[in-house]
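Next come two complexes built around chain A: one with chain B, the other with chain C.
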Partner chain A sequence: MEEKVLEILEEHCEEALDYDGDSMMEDGVIDSFTVINVVSDLEDEFDIEIDAKYVIAENFRNKEAIIELVRKLLEE
Partner chain B sequence: MQFLSVSFIILWALAFALYYLIPSKVQWYVLLAASLLFYIAGSKGIPVALPVTALTTYGCGLLLQKSFARQKEALETCAGKEQKKSVKEIFAKKRKRMQILYFIVNLGLLFFYKYTVLALPVLQMIPGLSSDFVEKLIMPLGISFYTLTAMGYIIDVGRENCEAEHNFLKMLLFLSYFPAITQGPFNRFGTMKEQFGKTHEFDYGRMLRGIQRFVWGAFKKLVIADRIGIFVDSVFESDVSAVPGSIFACAVVFYMIQLYADFSGYIDMAMGVSESFDIFLPENFKRPYFSRSVAEFWRRWHITLGTWFKDYVMFSFVMSGTGRKIGKACKKKWNGLGRHVVPIIGTMLVWFFTGAWHGRTVSYMLWGLYYGVIMSLSLLLEAKYSVWKQKFHIKEGKGYAFFCMVRTWLIVFAADVLIRSRSLAQAGMIFQSFFTRLDLRALLSKTVTSYGLSKYEFLLLFAALLIWLIVSIWEEKGKDVRAYLAGRPMLLRWSCYYGIVLLLLITGIYGGNYDTAAFLYQSF
Partner chain C sequence: MKDDTVFQKLVIIGYGKITGEIITYAIEKQKEYGYQLEVIEHEVHSFSITEKLCMEHGIPFARIEDKKELTACLDSFSERTLIVSASNNFLFPKKLVEKENLTIINFHNALLPAYPGRNAPSWVIFTGEKETGITWHYVTAGVDEGNIIIQKRCEIGADTKAYELAERLMTLAYEAFVECFDAVLKEQADAREQGFDAGRRMYRSYEVPADGFFEMAEEPEYIYRLLRSLDYGKNGIFPPAQTVVDGKRAEILRYRKVVGSENREADSFLFLPLGADNLLKIKYRLL
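Now for the complex of A and B:
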């Protein structure tokens, strides 16, 4: 699963893979359009629904947080 | 009551002293009392809208939380997955209805106050309606700011991203917190609640940092924004046909600086006051004129408004049932380009609301539409940029970065002509003047000093702008100017502090015909 998430991230925003901070959205590494595309691809890939309540800066603070979010939604 | 008034300084000093003298558990009461005093003193007549918003927000938040609790109880008695799903749907529908009702009431209030002013000339003609009554219909202080703040809280509770507040007075403090109520920044309930509930001990260094930020904000407001505003007002009030295009171009550039100095000056003051109480507000500006694209500009300008619209309008729409349906259908039909349709609709929605939030006129609607179209186009063309760069052998160096910055300034420049002009017709004539009678020599002749600012005033202005630019470049490099100064020898440190205060006192624009106290963003 992790590899697939990273692949999706690489496709839309390569910088996100090298980013080692904890506020990717605030730092402008990933903009809202990219977030929408990443969410859309994650939904298609893992057959999950990422509700707007999950699309917050905290869940997109870095690549690890995105992987964690997908893991959580897969477990639900 | 304005930040730059003796009464505010007295209120701040008294609240500050009391805040650190009383037990920590009741410190937030001091903030609430100061906020209510500030609000009542700044309102014309009895403020009705704020208590209505506070009460409905408090009530709706509790009802939403209760609904989640009942849903949980109901789910415990469910057997299968399908039954659980239908229970969830029933409760979700109920919560949606509650939120819609809440939005109707509060957006209705905002709409009523924001747009009644357009009917004022008609209302004043109705016999029996005193002009005093009509005056009171004018927008309540900070309504555009606290309404969005409150709506954000209700959406967060509805998404289970924060818990509902059980103490009405704490809710009232969140909405009326005096450093932020008139012009923001927009706060999120979670971070503010945590800070209001903490123990705050007096710290000399923090107090000093708060005062420094306040003084820096006052410097931007009084020495730069209010001085530059004299020129801008004078040019825009003149007969359009008598003003050369170059002078108009200069006035628009000055207006760009004025708006930034005025608004970021206010935010610096708000953050300084709040910091002195050990409450930290979110940054609202990150040197926007260093941006290399319009999207970046709006990530650095009025940041908390941008994130508000992104989180609560853009993502709400894109992740909604309607958004998903449109998205799927478009992806199926147009494949690659189809995936951009929903984000573009979301962007246009965001910019429509941003325009309507900022002003009541057609100019603001066009201003919103203009940015919406530019953002959408840049999304569509993003993939082409790298191809074009290769084709035209463009290397990403300092020169290209500067070109991108100038391009961003020009886009913002055109938008600001729209919102600063008195009418669309005047905006059209100003654009025309850039092409038909630019007359660049006017900038170096005596014409330029005939719009309210003498040669001496221009020199002062440029000196102040140079100080601001140096500080901005420093900050852009990640340096904390206040921390740097704090580490310097005492003599040098205090010379800098006194220097800025003296400059503020001697060269600030005070009184006269120009209303020093008013801030530009207060009218939004």
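Now for the complex of A and C:
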């Protein structure tokens, strides 16, 4: 699963893979439009629904947070 | 030496990417023109970085969601002020627009006089336009009626979704802003009247293309266009599209154009032929 998430991130925002901070949005690594694309691909890849309540800066602060979000949704 | 502008104050209202870019540009230009710079965020967005940017540069920032409060704030300015409405849905009331010390410019995400009002990227996709663009215009008491300062055009691709188009238009809007900002500050912008018909359609915030509903019998190309026109990701600008599957109301969770021509069957998925080589794959949930 992690590998797939990273592949999706790489496709839309390669910089996110090397980012080691905790606020990709504030640090200008990712923007809201990129988030839409990432969410869309994650939903398709894992056949999950990512509710709008999860699409917040906190869950997209770095790649680990995104992986954690997907893991949580897959377990639901 | 300061360049010549009549404006003592510059106020930027908005949120998101374009507002951030305009703030950054206005900071650069502040050295040239010497205006005071302030930023107001009227709508809160979970990914907005406007406040952080202002803090970093020591620019006064206020978040004012209440319309009356915002009106009172803008009404309190006594100096010559240029208000830049960047990504902003606040409608400036007549009493503000008519104040002699205020000049307001607004970015609209369509080629005015076409598609005035809200959610223009959605309407241009839904109606099948091949081209759209952006307009910076002076704000008057009528919605999106003021004189045009500058416009830029772009094509609408066959697969373009509303959020993709919105992003493209914001990029264009920033480019156009940079082109016209000096002229606006010097009150030398060559603005032209829109010249629209009295009965032109105004797109309201509560209007949704096709009321967000399609029949399965409709052309897949039409359905695809509708779904793309409603697609702002999770931003909740429109409710999910709906249709009827096996006599039951269903909402569309997601969709995608995929390669292939054979009909496939899968739970909670619809596959509609889209041209000769593609399928429109739609995931739905019964209500």
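Heads up, the rule we're going with is that the second predicted complex is superposed on the first by the 76 of 76 C-alpha atoms of A that agree within 3 Å, B and C clash if a C-alpha of one lies under 4 Å from a C-alpha of the other, contacts with A are read in each partner's own complex, and residues count from 1 in each chain.
By definition in this document, a contact is a pair of C-beta atoms (placed from the backbone, for glycine too) under 8 Å apart; a residue touches a chain by one contact, two chains touch by 3 or more.
Note that the structure is predicted; figures quoted are calculated from it, not measured.
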TODO: Scan A:40 for contacts with chain B and chain C and give back first, second, both or neither.
DONE: both
TODO: Determine, under the contact definition given at the top, whether A:31 touches first (chain B), second (chain C), both, or neither.
DONE: both
Open item on the list: I'd like to know which partner A:16 touches here: chain B for first, chain C for second, both or neither.
Closed with: neither
- [ ] Using the superposition on chain A described above, determine whether A:56 touches chain B (first), chain C (second), both, or neither.
- [x] both
- [ ] Please indicate which partner A:8 is in contact with in the superposed arrangement: first for chain B, second for chain C, both, or neither.
- [x] neither
- [ ] Name the residues of chain A shared by its contacts with chain B and its contacts with chain C.
- [x] 28, 31-33, 35-36, 39-40, 50-52, 55-57
Task: Interface residues, chain C side, partner chain A - complex - done: 16-17, 45-47, 49, 52, 163-164, 166-167, 232-236, 253-254, 256
TODO: Please give the residue numbers of chain B that touch chain A in the complex, ascending.
DONE: 159-161, 295-296, 299, 307, 310-311, 314-316, 318-320, 327, 339, 342-343, 346, 379
Open item on the list: Give the list of chain A residues in touch with chain B in this complex.
Closed with: 28, 31-33, 35-37, 39-40, 50-53, 55-57
TODO: Note which residues of chain A are touching chain C in the complex, please.
DONE: 25-26, 28, 31-33, 35-36, 39-40, 43-44, 49-52, 55-57
